[in-house]
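What follows is chain A paired twice: with chain B in the first complex and chain C in the second.
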Partner chain A sequence: MTVSIRGRLRARPVSISAATTRSWLRADRRFGVALLVPAFAVFAVFVFYPLVKVFWLSMQGTDIFGQPAGFVGVKNYVTTFTDPEFGRTMAQTAIFCLAVVSGRILLGLLITIPLTVKLRGVPVFRALLTSPMVVSVSAASVAFAAMLAPGTGLLNSVITRFGGPAIPWLTSTRWALVSVVIVTVWGSIGFTVLLLLGAFSGIDADVIEAAHLDGAGAVRTLWSISLPLVTPTLFFVVVTGTVEALTTFGQIQILTGGGPAGSTTTLVYDIYQAAFGAASANFGLAAALGVVLFLLILALSLVQFGVLEKRVNY
Partner chain B sequence: MRRSARSRIRATLLYAWLCAAVLVVCFPLYYIFVGALTPTAWLNRGLEGLIPIHLTLDNVIRATEVMPLGRQFLNSLAVTFAQTVLQVSIGIAAAYALVFCRLRGTRALFLVLLSSMMIPAETTLIANYLTVSSWHLIDTVPVVFLPFMASALTIFLFRQAFLSFPGELREAALLDGSGHLRFLFAMLLPITRPTLISVTLVSATAAWNGFFWPLLVTNSPENRTIQVGIAQLSSAEVNDVGVVLAGAAMVTLPVLLLVLLAQRFLAGGITAGALK
Partner chain C sequence: MSSRHPLLIAAAAAGTAALLALTGCSSADSPSSGSSSGPVTITFWHEMAGPAATELTDLVDQFNKQEKGKITVKASFQGTYADVQTKYTASVQSGSTPDLLMMNDVSTGFMVDSKQTTPLSTFTAKDSSFDENTFPSVVRKYYAASSGGLAAMPFSVSQPVLYLNKSLVKKAGLDASKPPTTLTELATWASKIHSSTGAYGMTMNMSDSWMLEELSASGGQDFCTPDNGRGSDRVTGIDMTSGTQVAFLRELQALFTAGTALNPGTDPNVMTSSFASNKVGMMLTSTGAYTTADPTKKTSVVSSFPTTSTSTDAGAVVGGNALWISGKNHSDAQQNAAYAFASFLHSPEVQAEWANATGYLASNTDAADTTVGKKSLADPNVAAMYKQLSDTPASQAAAGCRTGAFPTVRATVIGAFNKIVEGADVTSSMKAAETKSAEQIAAYNTAAQ
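Moving on to the complex of A and B:
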């Protein structure tokens, strides 16, 4: 059926019976439900069912083949929370998240703010400074593992050439976590800059203009106008960055394997070792740790929704 | 006069700072690509070994001899293709239903969707591993993308784009008697194409970069993805830096090319879901 423009302009009264409308609506809904089935089937099988199962598993013992072996109540949780290693793991996880997130924010701002100045060549700098985005966790980790290698690594060869001491980047308990933080911050800096650039470019030019007219210098404008206006994005980076840091796995697996002496074992790496580590295959314990991770991330998400809805603009 | 001198100093300082930042931020990328093409004997000499004057493909050849990286590259391509096509088409379907099909309870469905984004894959991983191993799918290629056939983020981004679709155009299409499919393919998707492209790119990059799940569910070298392959190459060839970097370069090159091709779409797209 084609309706000419003239025909539509004449606004012919079209009479459609109520029954027809209802059957249209029904067909519409059937079609809609059919469209939703694939997505929600995948989520049911691979997101919601496993979540329930992890809660169930966390209250199960584990036999020597790694299979669930009977209800044990909160035993896995008690084992977890009374293990001094768990406290250490959580402390390391917290330090790691804090270092990664503050590193991202600080470096992100230090790189982004000069990029917002109108200068020739800024697009080239922008492209170059967001380029780490193309490197996967795995590629970044193997490259940094080579660069930070204890003996022949590039970084140590440069440091020793200038008379400095060779640093055991990946092999000492003092430096290993620092190294993982460096690799993680580097890997996420491109995306952080991209997000912040978006936020700064969203600031109304008139507001900045008005500040200048009122006699505010560049630093004052940045501190009192621009930064407060990008707080929603900064907050977004803090929350999603914390979630991302909490779930870090590849860097740790490739760079340090959780060591030396457990000094880079975080919560997620602990889950991996409990479930799939060479000596373990304890799915019950791993599930209990998984529940802890879920609750932490749930709390962060609720904070995000709660605050972001109101928008942070101080 | 004084003003222009001051602004020139300021510009110089900013350029110096930006150049220093580029040096630090881009060095690992330079290291990966130049190192991949430089013999390890030169790389072991430190910084001057990285002057690109000894370029050769030997590292790449040796890397593919140590690990079946060619096969793993194809595995990764297949996984990326399947996962992206499924995520995007299932995502479009679900978002379309949520926005245009006048369903009851869409708000509740949307909340279910949002809540699924709060469930970390690292928690459900253990149960998913047991599920796929009970289906005897461990150490196959399809199991790598199986749990990720649909993505809540993808649906969310498409929903945002569809919601901003002008209602008048939708009504015009209905008056012209076009059904759902015609409206979707002839009008909605062409108009929301920037979102379509950027979501596809984000989806594809995430699929290509997957590491944890592929590491768990594959065992034999010929079923590994290349991300896992280069990690194993790195521990097998610790002393041959050039070979390790050749692996890293093989993984990075496709994404680099993709991003260079689509830079303009990507900027708006990745950040689209960040803030409502």
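Moving on to the complex of A and C:
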């Protein structure tokens, strides 16, 4: 097959003559369209159709079986935006995203920079420090839930043994979000370190050597040479990390169930609650919240690509 | 190679992908066929896991053997109660509801509103061998149908009780044979245990607002308005700010803010394991926790749930689950077979076995006279649980609330309580929860129309 495609390309190089562009029926065009069809079919069924359906559902009422119960206009959106807890949910979502992304970047750099040193044994540490990557979110959350459990948790046993106060990790409105952030950062740090290690090892040794010859110290080299050169990777981590944090679900579900008192409810968890939480089955409201999330991610991605990308040294 | 082949392959791939996707979307489980003669196979959905699931499977096998050639019950575990309610709503949409459904206490309002089931009394009225008086009176009241009789077959019954850790109570210089009977006494005990042993004085189930509803009922106070939904009108709101309720909420708040009480979070297993490992002196939770809280049945004393006010209406609301017989889209033969299995599960011997294996209380009072029942009752802790069940009056307060919005409302109320245990103002927090609950109930009532 490869041979035949090559043959075609050689026989008919790209032509822009009017006669050929007019007709899509030409064999190679048909072939091109046919190649697109499978991908488009899958996208249509699993992306475009659900997307349209969500917009449609968001303007429908819902009966107790979760079935659409007639057009209600923007009622679900009004319910969403007039709910006093919606503002708090959005604020918590923002705090959560900021904390997780900055935690990943700062901790990721703190771990990666020492690992770039060429010393015996460093590869072992590299493997160890990237290992959280292979632990599933659910497994990690269950393990952390046991460690942070009130009364019987390992962490509090250690703290109280040394005379500290028992911290209500998962049961206090002040601590629960912090705990979810810690677990999330822990879970994503492996992949972050892996990416950053790749970025740092990709820096041309000549550039670093030139900096040293010019009299730059280790800190100066790191700050003015290495860090600017890994900004594309940092940018990638910020963009994907933000979207990942915005769509976090597993940790919240397993550790706190959005509580206590809604203190760990983020936008995604709110969607789940409206659709499936406490047997609610309000798919209309859930769809409206889903649209809000979609627009939020879209806007954030545009901003990130527009603003952050300008500051990246490629 | 012909130049047409790639095109064909691509088109075929696209077609297959689209077909696969389409078949994946239309979940068309047809309802089980309903022939009126010959052997009947019925589907039964349940939510039992662990030892309870093993016991239930045994009971199903026993029934299938007994009814060989006539009825076959196909039982399947479907997940947690919340999961099953979601699956059940989906099955209503696709017209593939199970013949028999196990559903928990708080979903009773939803099940009644769903109008998918045939009331139990339709079958028991034709069955002279069935005596509805074998249910404890408060259980009968809980599952009462608006048309009279029972809406569903009560299967597993639980009660909220007070567990005392014998060794911690003794260390505190208290006498476990004279346990506290009121919440105020319980608070005094909790402080004593905490100050003299360093362990937490008490803990309580906080996965939802269930304990707060029970503390309301144990003071003779309705949780829902009007009339706990037991009158002719639908529930439109909740009450958590009456004098009795504010008083017990303040008492609990003091225990939590002082560090005397342990907040176990949403996982009841954390609570029972803290109690079992001597980290907590007293615990308010279900009778169903007995086997995990005290596996040896020797280290704890089970006592009746504390009262919050003296009232003749005061009592403990029953928990547990019931069996619902599907009516809509199910043949008479299927419905009768489902009833036959449900009434088998109600027989005294089966109920005694079930209670013994799971920690639930028997929903058939005759179970006490069976060999297994007598053996269970020899344990004073188990006897205490049954005494509380039989002592509970069939009052409106003890019947508990019935609304289809119950699961949602519970999440709201426990949210407010979580703020209260951190020191937030009792009245204003609960007022806010009342407002939000009223909105949630209104939304549900609109959806249920």
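Here is the rule we go by: the second predicted complex is superposed on the first by the 264 of 314 C-alpha atoms of A that agree within 3 Å, B and C clash if a C-alpha of one lies under 4 Å from a C-alpha of the other, contacts with A are read in each partner's own complex, and residues count from 1 in each chain.
Going forward, a contact is a pair of C-beta atoms (placed from the backbone, for glycine too) under 8 Å apart; a residue touches a chain by one contact, two chains touch by 3 or more.
Quick caveat, the model's predicted, so the values are computed rather than measured.
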Exercise. With the two structures laid over each other on chain A, which partner does A:Thr173 touch: chain B (first), chain C (second), both, or neither?
Worked result: second
For this session: Pick one for A:Arg29: touches chain B only (first), chain C only (second), both, or neither.
Result: first
Exercise. Between chain B (first) and chain C (second), which does A:Phe276 come into contact with in this model arrangement: first, second, both, or neither?
Worked result: both
For this session: For A:Gly250, select first, second, both or neither according to whether it touches chain B, chain C, the two together, or no partner.
Result: first
Exercise. Just chain B (first), just chain C (second), both, or neither: which does A:Phe294 touch?
Worked result: first
Exercise. Thinking of the overlay built on chain A, is A:Ala149 touched by chain B (first), by chain C (second), by both, or by neither?
Worked result: both
For this session: Mind telling me which of the two, chain B or chain C, contacts the most residues of chain A?
Result: B
For this session: Residue by residue on chain A, keep only those touching chain B in one complex and chain C in the other, then list them.
Result: 1, 3, 8, 31, 35, 38, 40, 42, 45-46, 145, 149, 152, 276
For this session: State the interface residues of chain C toward chain A in the complex, per the touch definition above.
Result: 1, 3, 5-7, 10-11, 13-14, 17-18, 21-22, 25, 81-82, 85-86, 89-90, 92-93, 107, 110, 113-114, 200, 203, 262-267, 270-271, 273-274, 277, 279-280, 404, 407-408, 410-411, 414-416, 418-419, 422, 443-444, 446-448
Problem set entry | Residues on chain B engaged by chain A in the complex (per definition of touch) | 11, 14-15, 17-18, 21-22, 25-26, 28-29, 31-32, 35, 43-47, 50, 90-91, 93-94, 96-98, 100-104, 109, 112-113, 116-131, 146-150, 152, 155, 175-177, 180, 208-209, 211-212, 215-216, 227-228, 230-231, 233-234, 238-239, 241, 244-245, 247-249, 251-252, 255-256, 259, 263, 267, 270-271, 274-275
Exercise. In their shared complex, at which residues does chain A touch chain C?
Worked result: 1, 3-5, 8, 27, 30-31, 34-35, 37-38, 40-42, 45-46, 61-67, 69, 145, 149-152, 168, 170-174, 256-257, 259-262, 273, 276-282
Exercise. Across the complex, what residues on chain A touch chain B?
Worked result: 1-3, 8, 25, 28-29, 31-33, 35-36, 38-40, 42-43, 45-51, 53-54, 57, 110-111, 114-115, 117, 119, 121, 125, 127-129, 131-147, 149, 152, 154, 157-158, 161, 186, 189-191, 194-195, 198, 232-233, 236, 243, 246-247, 249-250, 253-254, 268, 271-272, 275-276, 283, 286-287, 290-291, 293-294, 297-298, 301, 308
